[in-house]
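Note that the chains take the letters A, B, C, D and E in the order they are written out, and that residue 1 is the start of every chain.
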Amino acid sequence: MIVTEKESWLGMIFAVHGTTMESIWPRVAVVFLWAILTTVVAYFFPDRYYTLTMGPFTVVGLALAIFLGFRNNAAYDRYWEGRKLWGRMVNVCRSFTMQINTLIDDAVASNAQTSDEAQNQRLHMVRLIICHIHALRHRLRDTDAAADLEEQLPDDNQLPQDLAQDNVPAAIADRISRQINSAWRSGRLDTFHVPLLHNCLTEMVDIQGGCERIKSTPIPFTYSVLTHRTVFIYCFALPFGLHDTVGIFTPLVVGMIAYIFLGLDAVGDEIEQPFMTDDNDLPLLQLTTMIERNVLQLSGCPDEELPDPIQPVDHILI
Amino acid sequence: MIVTEKESWLGMIFAVHGTTMESIWPRVAVVFLWAILTTVVAYFFPDRYYTLTMGPFTVVGLALAIFLGFRNNAAYDRYWEGRKLWGRMVNVCRSFTMQINTLIDDAVASNAQTSDEAQNQRLHMVRLIICHIHALRHRLRDTDAAADLEEQLPDDNQLPQDLAQDNVPAAIADRISRQINSAWRSGRLDTFHVPLLHNCLTEMVDIQGGCERIKSTPIPFTYSVLTHRTVFIYCFALPFGLHDTVGIFTPLVVGMIAYIFLGLDAVGDEIEQPFMTDDNDLPLLQLTTMIERNVLQLSGCPDEELPDPIQPVDHILI
Amino acid sequence: MIVTEKESWLGMIFAVHGTTMESIWPRVAVVFLWAILTTVVAYFFPDRYYTLTMGPFTVVGLALAIFLGFRNNAAYDRYWEGRKLWGRMVNVCRSFTMQINTLIDDAVASNAQTSDEAQNQRLHMVRLIICHIHALRHRLRDTDAAADLEEQLPDDNQLPQDLAQDNVPAAIADRISRQINSAWRSGRLDTFHVPLLHNCLTEMVDIQGGCERIKSTPIPFTYSVLTHRTVFIYCFALPFGLHDTVGIFTPLVVGMIAYIFLGLDAVGDEIEQPFMTDDNDLPLLQLTTMIERNVLQLSGCPDEELPDPIQPVDHILI
Amino acid sequence: MIVTEKESWLGMIFAVHGTTMESIWPRVAVVFLWAILTTVVAYFFPDRYYTLTMGPFTVVGLALAIFLGFRNNAAYDRYWEGRKLWGRMVNVCRSFTMQINTLIDDAVASNAQTSDEAQNQRLHMVRLIICHIHALRHRLRDTDAAADLEEQLPDDNQLPQDLAQDNVPAAIADRISRQINSAWRSGRLDTFHVPLLHNCLTEMVDIQGGCERIKSTPIPFTYSVLTHRTVFIYCFALPFGLHDTVGIFTPLVVGMIAYIFLGLDAVGDEIEQPFMTDDNDLPLLQLTTMIERNVLQLSGCPDEELPDPIQPVDHILI
Amino acid sequence: MIVTEKESWLGMIFAVHGTTMESIWPRVAVVFLWAILTTVVAYFFPDRYYTLTMGPFTVVGLALAIFLGFRNNAAYDRYWEGRKLWGRMVNVCRSFTMQINTLIDDAVASNAQTSDEAQNQRLHMVRLIICHIHALRHRLRDTDAAADLEEQLPDDNQLPQDLAQDNVPAAIADRISRQINSAWRSGRLDTFHVPLLHNCLTEMVDIQGGCERIKSTPIPFTYSVLTHRTVFIYCFALPFGLHDTVGIFTPLVVGMIAYIFLGLDAVGDEIEQPFMTDDNDLPLLQLTTMIERNVLQLSGCPDEELPDPIQPVDHILI
């Protein structure tokens, strides 16, 4: 995600970074050169040049605008749903931690040692929650979760087995489920409060499933193809529509219109998959680190054991 | 669903497969030939030819774009709701499995055998969940669920009876409900935890109902007819609007506009029913197999007993 | 609802039935005759004829398209919300039935007779659920529920009293509530499971309220009036805008544009009230009969006691 | 709300009542006179008259249509959300009443008198529910709730105190909460069923908050100003755009376009605040009276004690 | 938020305050001067002046209107979601207070003093709720919460520690969670009612997370840049499109169109971040003070201890 000071209006007009300009300039350039070529041809061989007038371009241009609008809308909805899911993840991790810290009791404790045991179990559960979010982040970005999970659970025997499953976050969730069970069976968690903790876990599993859904199911291929193709045809046919009225300014006008349509087309592409590390994608690393800090603070971890918050590098948070 | 590597922009421009091109080329061809015919007639008998100018086509064209946009929006909402329902199915199956595995107890067991019984019951319930999703998939695709269900529940006496009911997934859900009941009556499931499992089952029944709703209630027939008909009239009348300005390029321009409008019209048709096996439909077989693998792994099934994940064939997942 | 085989594209172009054509042809005809009249006048008295050019019609036409789009959107949302409510009704009836059949116990039974009593109570509750949906259907369609309810509950003393209340479905829901209470008081239903059944009942009451809301609150009257009136003015003024460019083809073009705008205007009217028995309305009779079959099958009713499923008559399900 | 027989299409074209015509005719008249003035000036001093052509008006007109569409959409969403909130209020009042009537027990009763006490408490709670909806209605319409509340709770000592609080419905909700508490403490309500009743109460408080939110937060002021102002500029500049093509028909065309845009602008204003007593607003009095009748009937009140249902006066329900 | 009497239509046309006019007039002025410059140049050197005609401006102008519409839609959704979240906060604070006041019991009390203790604990919890909303407001507006929190909790030892955490509202929520726990452990709160209070707390944490999400994740940077840039290009190129038809009125027409597009562009910017103190932002201070008054009144605080409600200053609520 791009992090800027509330930029001035003028500043945004001339910004380059994170504005899709990097990815679309070759296309704009090609269209521009094509417009120059046709204009030159039309200038020297006016008899052989046929104009199409703006009529068809008005109809198709507005149809195009409506469909780019539809596709960008769908892409933005995916982006915003992704953000909402991670926002819910922030919430559920906080609530889950608070509930673990208060509902799991020292009750069985008859001496200091058992009380330590309860405290250890609580911390272990919180660590598993942290593992779940890191595992989910790695799954969504197709990276390897092993290092991050081993840092949370050093000397954990079961971890290699979990990492070998198809779905690592689900395996971690299963372990949290077993911890809830063990807390209940050992009498530290009241029978009536098991559903509360299970609701939090179910919420985490739901969020995970929601993120996987967004990742695995793009906007239907035909939509993207049709939009791309219409933009392509439109830009390359446009000089023929403009030449008779705009004359030698055709390349300039075509270039500007191409920039606008190709830009809007590319924006949709970029935020359609909001979990990757493109400039405009969601800052999952920053979010997971923030959650980690939050839940550890709520569990009474001293500040020096917390990871450092992620800072934007060159205005980009990842 | 079409699975592609993140294709290059140029690659998408020239793609054919899965782009509705296969289904609409005859219509585009007919419109193209019609445009040639009228252009030829107009060329040789200019006096007998009346032009309509672009005026009416601008108005109708934009109205058409707005309504195609509305219909595609509705179709995409159905598609995405279908995907959301199956995403929730993934989630609930995972949560349900975790809860079955921890909340159903060996408690009544006084010896190893009874503990096996509990384990058998748990696995039986998980198998019933798998049956439910397979049965739902077959119901949505109008295929026969018998083979898949028998594979999950070999030598099951009640299965033929379930398969004979109107609604096989509902019959399976009813069996899960009876299993919850039996676990509770036998003392393996705590009274207070019955609602947790019933909530999962209710969620499964809700998802099933949602899928059936999408399948059984298409976009109102009048909408589809009106849109199809307007596209049809528009494309066939278009040559008369273009000839006086575009001249002999009329067929080319008409062909391109027809491709765009007929394409957008056809996309809506294709994803309106997202559960079938068209190129852009949802990959229910892949999803159900993934769920099956997930819940069996969570129940401790060894890897060799799991079904193989479904791979795309020729870039298509079904 | 119109039920068709997945009709061919061409088939839909030439369909008549269920396409609003029946209801709007008089309006289209009047506009067409008016266009002929003005064209004839303009042909013989060209000096007295003033043209308005297409300019104002482009602006108003697109504004009109946007507002027809808005109104159709709102109407479709009502239609789809109505369908969703009935889909939820299907789900909750299935879940409710499963819960009644497993959670209400024979426990008090010390002999076969009391076990029969429990079975009778369960079946009675399921019959009350069926009564609720039939009563709701009749309420939404302003028909008399008495016959259908008496068929479900023959020799029921309280029924006449229920039928006399303002709101019959609410009276039936109240009886279900009292049955839950009696099952609990008699010890057949666990105290902790009362909320489960009450949640199902609350869901049924919510769905009923949702349907009543859609029925009783149409799209604000001003919206409909403004849209109708703008379409009316537009169609009757259109000949003056077209004559100077289209000449004697004016009636044809006016007729086509009028068909499109009047058609889109009429579609909204038709599905705005989705619970009636128009061609494109929801098939409530088919849905309620399906629910009745489903819940009776889940309760073990033999097939011969089930009502026959409703079949489409002349492609229409009601 | 305007209640009409399903009016004929023609009837709606010529309706006046409840169509914003009453509120906008002065504006339309001024624009019309202005158009006549400019047309007369242009007719007598053609040299001094500058035309702007339709070009800019097409662009601005469509932008305007899109933003009027956006604002009307937002206003309609508020209207429909308000209706949904009151629909949920209908539902929760019914469910709450059913639960009060079945879950609050005579159990402590050892003689007829105590059973009467339980019945009195139940009826008192139902009366408090009725008070809540009446108090909410008065709060939303800025009227005084005292009379209606005193009718429900004659000789109630605490009522004056409640009426003195900032938020009367919240004070009533607090009393319901205390009644739930007292029923539980006295043993008439099971500990496990307290959450059920509290959920109903929470739902009522949520609905109240939702209504207050709609009332207190209009569509941002800038939006309304920008839309009003653009319509204003557009209508007054329009004659200059039309004169050169439409000539002396300018006032007529300007009048029609002004009617359409000013009408759509005014519709948004009218339904933006859906709880007042304008023609198109929600019939809160009818709804609250219906709820009152419903819950009293469900509590066994004889018909002669029920308030009469509210009937539309001159086709208007308030 | 701007609070006005229902202003007359004419009054809104000529309003200045809170209409983005303050922030955009420099931009409009620059465009206006530019249009004068080009018009003068075109007047004196007509040969050197090239016109672009309105054709391209119609296409781009409508595309622009659609995308401004999309962006304003997204901004308004954020604004309205922010308002909904604070509306839910109002609701949950009221419900939570009612539940604390009735469910936390004096039960352990054997004498007046212990009853006082219970009352103190209840009031302490309500004060913590008030702290939470004030802390959240300060967090959303990047101001310091210390003063407001110290006023609620004078002489509180733990407060400095809470204020030192990353996330002050989360720290306060954690304290509420510990208070619920302590009430339960001490026997004042029934085991079965712990989930009720925890649900309220979870709702508060969810609302907090939702607000933080809106604050931390703006509309993707590329969208804003593309829209700003297209408006910029459009306004500066517009004189070349208008000159040949509008002549010396070009600056006037350009100025009006620029005002409309720049205004719509700026509205989106202003309400995109709804929690700040701009004219059109949400009145968080008024809302939190209202909640504080409400919950204290519900807890029986005498009127003289309540804070004064916030009044609009110069028609602005903050």
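To be clear about the criterion, a contact is a pair of C-beta atoms (placed from the backbone, for glycine too) under 8 Å apart; a residue touches a chain by one contact, two chains touch by 3 or more.
Since this is a predicted model, take the numbers as computed values, not measurements.
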Task: Lowest number of touching-chain links that must be crossed from subunit A to subunit E - done: 1
Task: Minimum number of chain-to-chain contact steps, subunit B to subunit C - done: 1
TODO: Could you check if the interface between copies subunit C and subunit D is built from the same residues on both sides, meaning over half shared, or from different ones?
DONE: different
Open item on the list: Using CA atoms for the superposition, what rotation angle relates subunit B to subunit E, in steps of 5 degrees?
Closed with: 145
TODO: Averaging only over C-alpha atoms, locate the centres of subunit A and subunit C and give their separation in whole Å.
DONE: 39
TODO: Check each residue of subunit B and list the ones that touch at least two other chains.
DONE: 58, 62, 66, 69, 192, 195
Task: Topology of the chain contact graph, where touching chains are joined (line, ring, star, complete, other) - done: ring
Open item on the list: So in the complex, the part of subunit B that touches subunit C is made up of which residues?
Closed with: 27, 50, 52-53, 55-56, 58-60, 62-63, 66-67, 69-70, 74, 165-167, 170-171, 173-174, 177-178, 180-181, 191-192, 194-195, 198, 201-202, 205-206, 208-210, 212-213, 217, 220-226, 228-230, 232-233, 237
Open item on the list: Under the stated contact criterion, what part of subunit A meets subunit E in this complex?
Closed with: 1-2, 4, 9, 12-13, 15, 18-20, 54, 57-58, 61-62, 64-66, 68-69, 72-73, 76, 79, 83-84, 87-88, 90-91, 94-95, 98-99, 101-103, 190, 192-193, 195-196, 241-242, 245-249, 253, 256-257, 260-261, 263-264, 267, 270-271, 279-280, 282, 290, 293-294, 297-298, 309
